[in-house]
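Chain lettering (A, B, C and D) follows the sequence in which the chains are written, and residue indices restart at 1 in each chain.
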Amino acid sequence: MSGNSYGELFNITTFGESHGEALGVIVDGCPAGIPLCEADIQKDLDKRKPGQGLAGTKRSESDTIKILSGVFEGKTTGTPIALVTFNENQKSQDYNDIKNVFRPGHADFTYHMKYDGNRDYRGGGRSSARETLARVAGGAIAKKILAKEGIKINGYVKSIGNVAVNEDNFNQKDIEKVYENELRCPDKNAIIKMEKELKNAIINQDSVGGVVEVIAKNMLVGLGEPVYDKLSAEIGKAMLSINATKGVEIGEGFAGTKMRGSIHNDAMQVKNGKIKFLSNHAGGIVGGISTGEDVVVRVAFKPLSSIAKEQNTITKDLKNTKIKVVGRHDVCVCPRAVPVVEAMLAIVLVNALMQQKARQF
Amino acid sequence: MSGNSYGELFNITTFGESHGEALGVIVDGCPAGIPLCEADIQKDLDKRKPGQGLAGTKRSESDTIKILSGVFEGKTTGTPIALVTFNENQKSQDYNDIKNVFRPGHADFTYHMKYDGNRDYRGGGRSSARETLARVAGGAIAKKILAKEGIKINGYVKSIGNVAVNEDNFNQKDIEKVYENELRCPDKNAIIKMEKELKNAIINQDSVGGVVEVIAKNMLVGLGEPVYDKLSAEIGKAMLSINATKGVEIGEGFAGTKMRGSIHNDAMQVKNGKIKFLSNHAGGIVGGISTGEDVVVRVAFKPLSSIAKEQNTITKDLKNTKIKVVGRHDVCVCPRAVPVVEAMLAIVLVNALMQQKARQF
Amino acid sequence: MSGNSYGELFNITTFGESHGEALGVIVDGCPAGIPLCEADIQKDLDKRKPGQGLAGTKRSESDTIKILSGVFEGKTTGTPIALVTFNENQKSQDYNDIKNVFRPGHADFTYHMKYDGNRDYRGGGRSSARETLARVAGGAIAKKILAKEGIKINGYVKSIGNVAVNEDNFNQKDIEKVYENELRCPDKNAIIKMEKELKNAIINQDSVGGVVEVIAKNMLVGLGEPVYDKLSAEIGKAMLSINATKGVEIGEGFAGTKMRGSIHNDAMQVKNGKIKFLSNHAGGIVGGISTGEDVVVRVAFKPLSSIAKEQNTITKDLKNTKIKVVGRHDVCVCPRAVPVVEAMLAIVLVNALMQQKARQF
Amino acid sequence: MSGNSYGELFNITTFGESHGEALGVIVDGCPAGIPLCEADIQKDLDKRKPGQGLAGTKRSESDTIKILSGVFEGKTTGTPIALVTFNENQKSQDYNDIKNVFRPGHADFTYHMKYDGNRDYRGGGRSSARETLARVAGGAIAKKILAKEGIKINGYVKSIGNVAVNEDNFNQKDIEKVYENELRCPDKNAIIKMEKELKNAIINQDSVGGVVEVIAKNMLVGLGEPVYDKLSAEIGKAMLSINATKGVEIGEGFAGTKMRGSIHNDAMQVKNGKIKFLSNHAGGIVGGISTGEDVVVRVAFKPLSSIAKEQNTITKDLKNTKIKVVGRHDVCVCPRAVPVVEAMLAIVLVNALMQQKARQF
């Protein structure tokens, strides 16, 4: 409960600051005998690398992951898996402009207050989204475990600013290929409009928000501990622990509040001896437990806080000032957030799966 | 982590089925010396009692709470506080119609599958929203602790179906008086339209969803453990653990994804030596830590699953059938959910507060 | 972590003060489908009832247990099982003699200091060994689960004061029948000497300590999470959480520190294709993981603090005084502690078993 | 609960195998603003380095610790502190003799069984006492926090094999200087006899066990959560999580079971307005809560499993064989265990201290 861990049975504990020596994660509770090598993890990490697209920055970070423990002769041993990436050239920058000024929308002020002024201000320190690298690393292992049960997880960018995808324009195959385009979006028409939205934000030295959707397919029935550890509750926590998130919804979510029960209720039918839901407004979770239908989750990301446009703010010693946050910042976090959202869902599901196994007598 | 507890430092563990012997909660970790009597708790419980309004049912449940432990000579002793209410006449009903049929939208099917067919089907058993009584009881104690720090929590119905409040029509005082009307809504104009929405649903033997908003005022700065136990993450988990919830958002939430960073970022200014945020789009939480501004949370409730309208479904032995869920069901859960949402936010905040105190050396 | 719970997957949370309204336990995480009725639990509770023997008191407590939730149609449902016993005539006594005086060896002073003077002094309040009733109730369920895997747990009194059993005088069958004698001791010769020891203490208005041994037979190999949650570590915690305990040892324990490695190491041999340990100095646990041999644990109980002999002490307002703790107190806790020690080992093992199942992919 | 973490508020999570790439620890929950540098930690690590004395080996391990995160400008920031030491030349050895054979007394067999044959056999892998390096590193930080409250922790070797110290021969000052001698023993006379015991074991290609005592001075009153998380229970868990431990006792421990209550009870007196205990048989803990007196704990270490003497055992493919465990092994673990025992007590106490602070309203 010290704040830097998620999960009880499959547990990740992460460490590291944006511009510190290293970032990493300890994955504890991983079953033994899972084939694992650095390339398995690197593959997912590369999906969240700073892109060359419009939303991303021009930074080059290698983010090379190293396994320090828990794997022997190519397989997990059941002992903690330590994964680490060392930050390169982390001391070269000049931080004088942000050392004493609280950047609007950033965690500078809240960290300063919470930790009595002790704060690594370089690149946002611990509050930097660079921490999500460790989540993706842990999630890569979780995905391997889920794959053994046939469960597959795919995320994509649902909207950027005012531009949303049109669900008629794409299918599951397109979703599985989103990493082939820089916006991680399965709708080609939407991509064109999203690029306009991004360009407009860049011209205005501004940023935009968006929504990421993630889907788990081939789900097992019965995952999730009802009441306080509902599958939906765990997803809610996991998603809202990601940087820049301000909302999460499952199935119809907020739109469902405007539906009638007769529509929203997913009727069941038996066909050829098999149980079938006639719809999936619930997003695969009823009473906090998985129904076996696709788990469908959407996460709201606020517009990024770092903008070049001048903003009002204050200094550490309580003086009013103005700031332009310069540097190589993303315009919209959503494309890079897709693998992070996938990772968190994978980690939630592995925990639910292991907990369900624990009760099988 | 066994599923029926929330909170680490201020912990609630609840038990009981809808039509079983009793429902209750153990509150563990409560500081000693807090004045507490049954009336303190009953007062909040009465707010979630089945109402006489359009949204509620005509049931009469007394829900009388009894303190079994943890209080001595009118004050808490620091030991676990057991609160229990005994169900009255719980065995009088006939359950043959739901014993073998999975009600659409209900947790009947998922409990059946998760627990290998072992399920108390009477009134939904453990999956019934009657469990929220125990949350409200625990929350009443949490609120008393927060009150010592000056923190106040108020919830209200933001929308029912397609009818939402208009923020120009009410103020903080109206919010504080929402329990004076049966819809727990501070906007008199909206109430009239909401009643129409509810009547229309009743006529159609249907149900409607809605949104509850909850606000914590006079917040302390610095609450919430950044990264995995962000204040927002804990709120996300707590809210999505409530029955019938499908979404949660903080501050601007999903609407914020359409805003530009220059608008969404809450600028700070110093006035007369005091730090002031010029807006609160963040809903009082930045980087997972409270800013001191109001914490603003909205929770999406789906339309209730129990409707009198005929629906397709299946039986336990996999036969297709139809069901009309008769009985005294609410049409919309939102009015009765308001004290539940308040309770969960109170419990989250007490935990964050205690954890922050633990680090003060 | 709030202090009144043990176990993560199979979790007990207890509440209640010695002379309060009620004592109880919530058992969370119990698998569904286990046959369970009140008699199953009462049977074990009756083993810890105040005895008629020399070690015990002449009190009569009925300690009738009631199941409030979690069981339906005679089987567990996977939801929390609430067990409660209501205290009878709890308000009849006069507590003026202990209200303001700290009894030596009791938790009066430490509770007073920890909880800022808020303390239910009646019968020791929460610090009373009456709380162990709730452990035994929870343990009765744990034993039923272990029995499904063939694991059996038996405890007995190993020594009282200076009198210890002689292992040549009894066998496993005698151990299984210890509840037939009031000292819960399998060695008839030792019983005679123990009775003398107890009589001598009674005459001197004094109390004696002792050692309880507990053995788990038909163990599975591989239980226990190495490093911090070693099976031995969990046993250490569980046993030292019992009232009046001051030590715990596994296998040879402290005596083993005087052995040479060549003797202490348990050699292995294969006979007829089966693995056999040639000795069990390790007490069934190596590297924190069960070997499959019997788990053997001994727990040290201090002499009971309540004695009629006059002792020096102080009052709440810091005055020196003398006290004779009168009333119906046990002379030695060990006989009544046997079912408590069994219960705690059962709960530890069920947790280890469930955790091991969680990793089986 | 995944097995490689200890502590809730001040949490350590360790990773690494004996001959793997690296060993390390993440310390989470450390308050901000504590001055910390690598030398602070290295100082304690050097105390557990393989010695040159009779009990130790002739290995040279540098065990240089590196801080990867959580410290900025010489002070802790409240974010996770990652400490790591890289193993040198870890791949040079030949492991063919132990790859397929289970060494008696070692965790080879139990790990093999628990993890389905997936096991890093090199130097014992994760089961090696080399892991305790990470505990000492974490404990060094815990000690710094305790020092702020005035609490000091000192351990020493109480006995080796049949040779125990004589408490008349040394005082607190001698205890504070034990790191000046290789046996970490404050009794000069005992050291001579212990050396004989060790020499005798070496000649016989054997090993010996022993007892380590640890004392916390200047304790605060009121630490420890009564019932399941008693201070004694936490100490029990922490100590029995250390490699090669088979017992733990507090205060008089097992010897106390032979005392009468009138002797064992620690009477209290007020002198000059100050509360004084007239004895400390309880070892500073009553009812699971600290009394303010010294916390006194003893831990039993079995004779080390690695001995050069030939022993019977079996191979992985279930054949009988014999083994001589050659290499540079310690003869007795106790001297090197002293800083480990100190570290674990420090970590327990910091957690208890933080939890107590959390309740101060």
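Rule of thumb we're sticking to: contacts are C-beta pairs under 8 Å (C-beta built on N, C-alpha and C of every residue); 3 or more make two chains touch, one makes a residue touch a chain.
Not measured: the values here are computed from a predicted model.
K.L.:
Could you compare the number of C-beta pairs in contact for A-C with that for C-D and name the larger?
P.N.:
Between A-C and C-D, the larger count of C-beta pairs in contact belongs to C-D.
K.L.:
Please report how many Å separate the Cα centroid of chain C from that of chain D, as a whole number.
P.N.:
26
K.L.:
What whole-Å value do you get for the distance between chain A and chain C if each is reduced to the mean of its CA atoms?
P.N.:
46
K.L.:
Please output the residue numbers of chain B that touch at least 2 other chains, ranges allowed.
P.N.:
In chain B, residues 1-5, 8-9, 14, 29, 32-33, 78-79, 114, 126, 226, 355 touch at least two other chains, as defined above.
K.L.:
Are the chains arranged, by touching, as a line, ring, star, complete graph, or other?
P.N.:
complete
K.L.:
Tell me, which parts of chain C touch chain B in their complex?
P.N.:
1-5, 7-11, 13-17, 20-24, 26, 28-29, 32-33, 66-70, 72, 75-82, 84, 114-120, 125-126
K.L.:
In the complex, go through chain B and note every residue touching chain A.
P.N.:
Those in contact with chain A are residues 1-6, 8, 14, 102, 104-107, 109-111, 113-114, 126-127, 131, 159, 161-162, 201, 204, 206-211, 221-230, 232-241, 243, 245-254, 256-270, 273, 275, 278, 281-283, 286-292, 300-307, 309, 311-314, 318-320, 355-356.
K.L.:
Would you tell me which residues of chain D are touching chain B in their complex?
P.N.:
1, 8-9, 29, 31-34, 78-79, 145, 148, 226, 354-355, 357-361
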